[in-house]
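Quick notes on the structure that follows.
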Amino acid sequence: MKEKILSLVPGAEFQENKQYVTFIIPSDKMRDLAMKLKNETEFSFDYLFCLTGVDMLKYLEVVYHLESTIHKHELVLKVRTAERENTSVDTVCDIWKTAEFHEREIYDLLGIKFNHHPDMRRIFLDDDWKGHPLRKDYVDEVNIVEL
Amino acid sequence: MKEVINLPVKNIEEEEYHINMGPQHPSTHGVLRLVISLQGEIVKNLKPHCGYIHRGIEKMCEKDTYPQIIHLTDRLDYLSAHINNHAVCLLVEKALEVEVPERVKYLRTILDELNRIASHQLWWCSFGMDMGGLTCFFYGLRDREHILDIFEESFGSRLLHSYYTPGGLLQDVHPNFQKRVKDFIKYFRKKIKDYDDILTGNIILQERTKGIGLLTKEEAISYGVTGPSGRASGFACDVRKHHPYGMYSKVEFNEILFHEGDTFARYMVRMHEMRESMKIIEQLIDDIPAGNHTAKMKAIIKLPAGEYYQRVEAARGEFGVYVVSDGNKSPYRMKFRSPNFSNLSALDHISREGKIADLVAIGGSLDYVIPDIDR
Amino acid sequence: MNSFLKYFTDIFHAIKSLLTGMKVTGRYFFSPWEIVTQQYPENRKKLKMFDRFKGEVIMPHNERNEHRCTGCGICETNCPNGSIEVIPVKIDMPDGKKKRIIDKHIYHLSMCTFCALCIKTCPSNALAWGQEFEHAVFDRTKLTKILNQPGSSILKDIDE
Amino acid sequence: MAFSIYDFTSFTQSVDKFLYDSLSPFWALIVEMTIIGLLVLVFYALVGLFLVYAERKVCAFMQNRVGPNRVGPYGIVQTIADLFKLLMKELIYIKNADKLLFNIAPFIVIIASFMAIAAIPFAKGLHAIDFDIGILYVIAVSSLGVVGILLAGWSSNNKYSLIGAMRSGAQIVSYELSVGLSLLTIIILAGTMQFSAIVAGQENGWFIFKGHIPAFIAFIVFLIASTAETNRGPFDLAEAESELTAGFHTEYSGIKFAFFFLAEYMNMFIVASIAATVFLGGWMPFHVGGWEGFNRVMDFIPPVFWYFGKTAFVIFMMMWFKWTFPRLRIDQLLNLEWKYLLPINLVNILVMAFVVLMGWHF
């Protein structure tokens, strides 16, 4: 599978991970790859079981955990954003419907915008909330109590 | 004089109006707000608004050590607290490559299943209440009490246990544990017949749930609807079967699969799962091996740098923990993949063109626990 | 004709299913000995919680008013919510050395989530669960408790 | 002034005579009406209090609970305590609500149930007014209550209330039919609409036994339809607390809510007493033709007890329904009426007419 994905996306970077096959995908190629992974029968990754974001200080990362319910194989894809502020990644919520809520959550808590998302609003916090709490540089002197 | 505003009068039959269901509403089971567009009584559109009980648990985890995180996972899906604890414990054990004693595996599996039964009992009674049958509520709670007593005797708490620790259990179970569990199974096998008599076979329930809230298998997979709700659509998503942990690879049990995908199928999956869970417990309870209740762990648990993911089957679906560790004693980023969050996303799709009463039935059958959605 | 027959069999099955349900509730109505409600304030005298019931964190003292807490503060660092504060004092020993003992072991019951980490990690087993569960008070400052009793001292064999 | 617990006729007549003798006819009428009004009011309150308590105890026992047991021995004063609570609660006025209709609605509901009591025979001679068309009067009056429910839902300016009221309207309009038709079945058998005559006709056997199969079907249909007409579970769609929070009385508080609450129980009492009177012989004791000794023993039990016993039985059945079944959906509710109850009822009337014509009844 490693070779197949590398051949599909030339810019992909393989990452060592004990548990899952992991790739770092350039953000502009992600949507095409997702389309292929979902639709091509040899992959048929139809189940996105986890979608999350990580703040890596220099950049933000979106992590896609995929599983195929037919072939029972799993794959982890990561997309790195170029910078921290005003970044955006293409949405996959038309490919895997579950991504719709998860992308809203990532936007809410990490501030990564998803292009072409039908309803890009905050999901947990108020609409006028300042900042994105899961970022490492988020400060909130009132609500976060340091023990 | 009042200003007269002339709005174009729409066809009154087609006019939609909005209702806020929640944050305080008897059938949202917590502080969930659903903005429903109605046409008469028909639900045309539905927008869930979450976050009323968002506590930022993922952010809190970034400050806590791994043993401390356990007690936060209790507070996600509070009805399957053991199973959530199990996920974090398994993740830490996997990362540190610790082998837990057999006894711990047995006990954890039994407790998980007891927790699943308790959760399904509570689901059954609240579902009955959503449908208007208030008596179900008391029967369910009455039987759940027996499980909670077993829990209380062994580790002192009834709902939020924090009983699993990385490497084992906090303390050994009470000497009465085995006997009480066996008594409970005997008792509940009798009482579950009442459940079938009063609700399952009831013509009103069947009429109200069959063919309501259809979710096809493809949609279930796409929406990530897991657990009993997913299995009712034919999505074989039982983590216990497909990615076994604990003792699940060694016991015999069926993955309950229905293919109708309607509310009644979701109901039936849970009813069968209670029996299936009892079967698992019966297989394990007699030969719990003697031994230590915990593996040897370092005093301060530090995960090696890297990424870890652990999936378990919670009572409402697949619960996942994703940890990015930088080698410190607390995680760099911790993400809980909560089953209810994904299940909720399908609610809009499956309740459209139904009636308000259908929405309540569908909501009851999806069995959402709001703190798990909001985290 | 078939649909006509179905009409009546449907009615028959519906009534049968309703009667099965009524049988269950009717049976419970006429068997009041199956009532499970506990009469709480009345049974207060008899009500005994399980030994392991987590009511609150206590520090057991023996009859000579001695506890086992050394004031090391491990419980404080392990508590996820900051509900334990250990305030030690240094006292002068007869042989001239200074020794760290506990002055106050403050426990905020209002912040405790009953995760049992303090009890589990205590190296000298100084803490335990108390079975008291009627914690309702009118003022939440009353939920802040000092666990070591006034005038108590540390047990000799822990000390050495 | 002869007083007998078996026959109130002479007692009521002597009271009547005494009043007319000592006062002018106009004032006698006024005093008589006042006395009856007060008696009915007291009766109303007592029955309401008792029924609320009974409902709680019944549902508690069905649910393996004890039920109210704090206020007074076995909690019998619980409802009175609740009444005081409701009396002392604040009456909340809603912005943009239609004030007049909002305030009138609970009264309409309660007056409708109040009026129906007048025609019900409690025992021989214990009867406020004995109309020639008693059944028609009771059906007409008891269906007035829906006007109050509709007004309450509409004037509250709350969407939940409105949905509840509309459901209630649709429900009562349809189930009124079944109630009427099932009573009509018995009217055919009895040949009269006067309550006293209907009861008298059951001296040698209740109509449910006399009319055998068609009467029994009519009884079942009446039980279902009247449960629906009183907005009780499993037909409590107008309130449907898990869907519409509290339905049409969401916005009501304090004593106005208590009116709705009381009216629900009174309606239940009224339909139960109609069922008892029309199908189960009213205050008439249980007689089996030919068994003289047995009939004598049955006669020994006063008619008032027979009447209340039968009513309590029907009420218990309705409570049993409510605390067992899940709620129906609105379309199923209407399906049940129009597809099942109504055709069965119409056929049943034909069968009954045939039975009566052929003289097959007892």
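We just call them A, B, C and D in the order they show up, numbering each chain from 1.
Basically, a residue touches a chain if its C-beta (ideal position, glycine included) is under 8 Å from a C-beta of that chain, and two chains touch if they have at least 3 such contacts.
These numbers were taken from a predicted model, which means no experiment stands behind them.
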Is the C-beta contact count larger for C-D or for B-D? B-D
Find the chain most remote from subunit A, comparing centres computed as mean CA coordinates. D
Chain centre separation in whole Å, for subunit D relative to subunit C (CA means): 51
Between subunit D and subunit A, distance of the C-alpha-averaged centres to the nearest whole Å: 63
Approximate Å spacing (C-alpha centroids) for the pair subunit B, subunit D: 45
With chain centres defined as C-alpha means, what is the inter-centre distance between subunit A and subunit C in Å? 41
The positions of subunit B in contact with two or more other chains are 135, 142, 198-199, 202, 204
When you check subunit A against every other chain, which residues touch at least two of them? 147
Going by the touch rule set out above, which residues of subunit C reach two or more other chains? 18, 21, 24-25, 36
Any idea which subunit A residues touch subunit B in the complex? 17-20, 22, 46-50, 52, 54-55, 63, 65, 69, 72, 76, 96-98, 100-102, 105, 109, 122-126, 133-134, 144, 147
Within their complex, subunit D touches subunit B through residues 59, 62-65, 159-160, 163, 167, 233-234, 236, 240-245, 323-332
Contacts from subunit B onto subunit C in the complex sit at residues 64-65, 67-68, 70-72, 135, 142, 145, 152-157, 160, 162, 165, 170-171, 174, 194, 197-199, 201-204, 206
Quick check on the complex: what are the subunit B residues that touch subunit A? 50-51, 54, 56, 58-59, 63, 218-219, 221-224, 226, 235-237, 242, 306-309, 311, 318, 320, 322, 324, 332-333, 335, 337, 341-342, 344-346, 349, 374-375
Where on subunit B does subunit D make contact in their complex? 17, 19, 25-27, 41, 128-139, 142, 198-199, 202, 204-205, 207-208, 355-358, 360
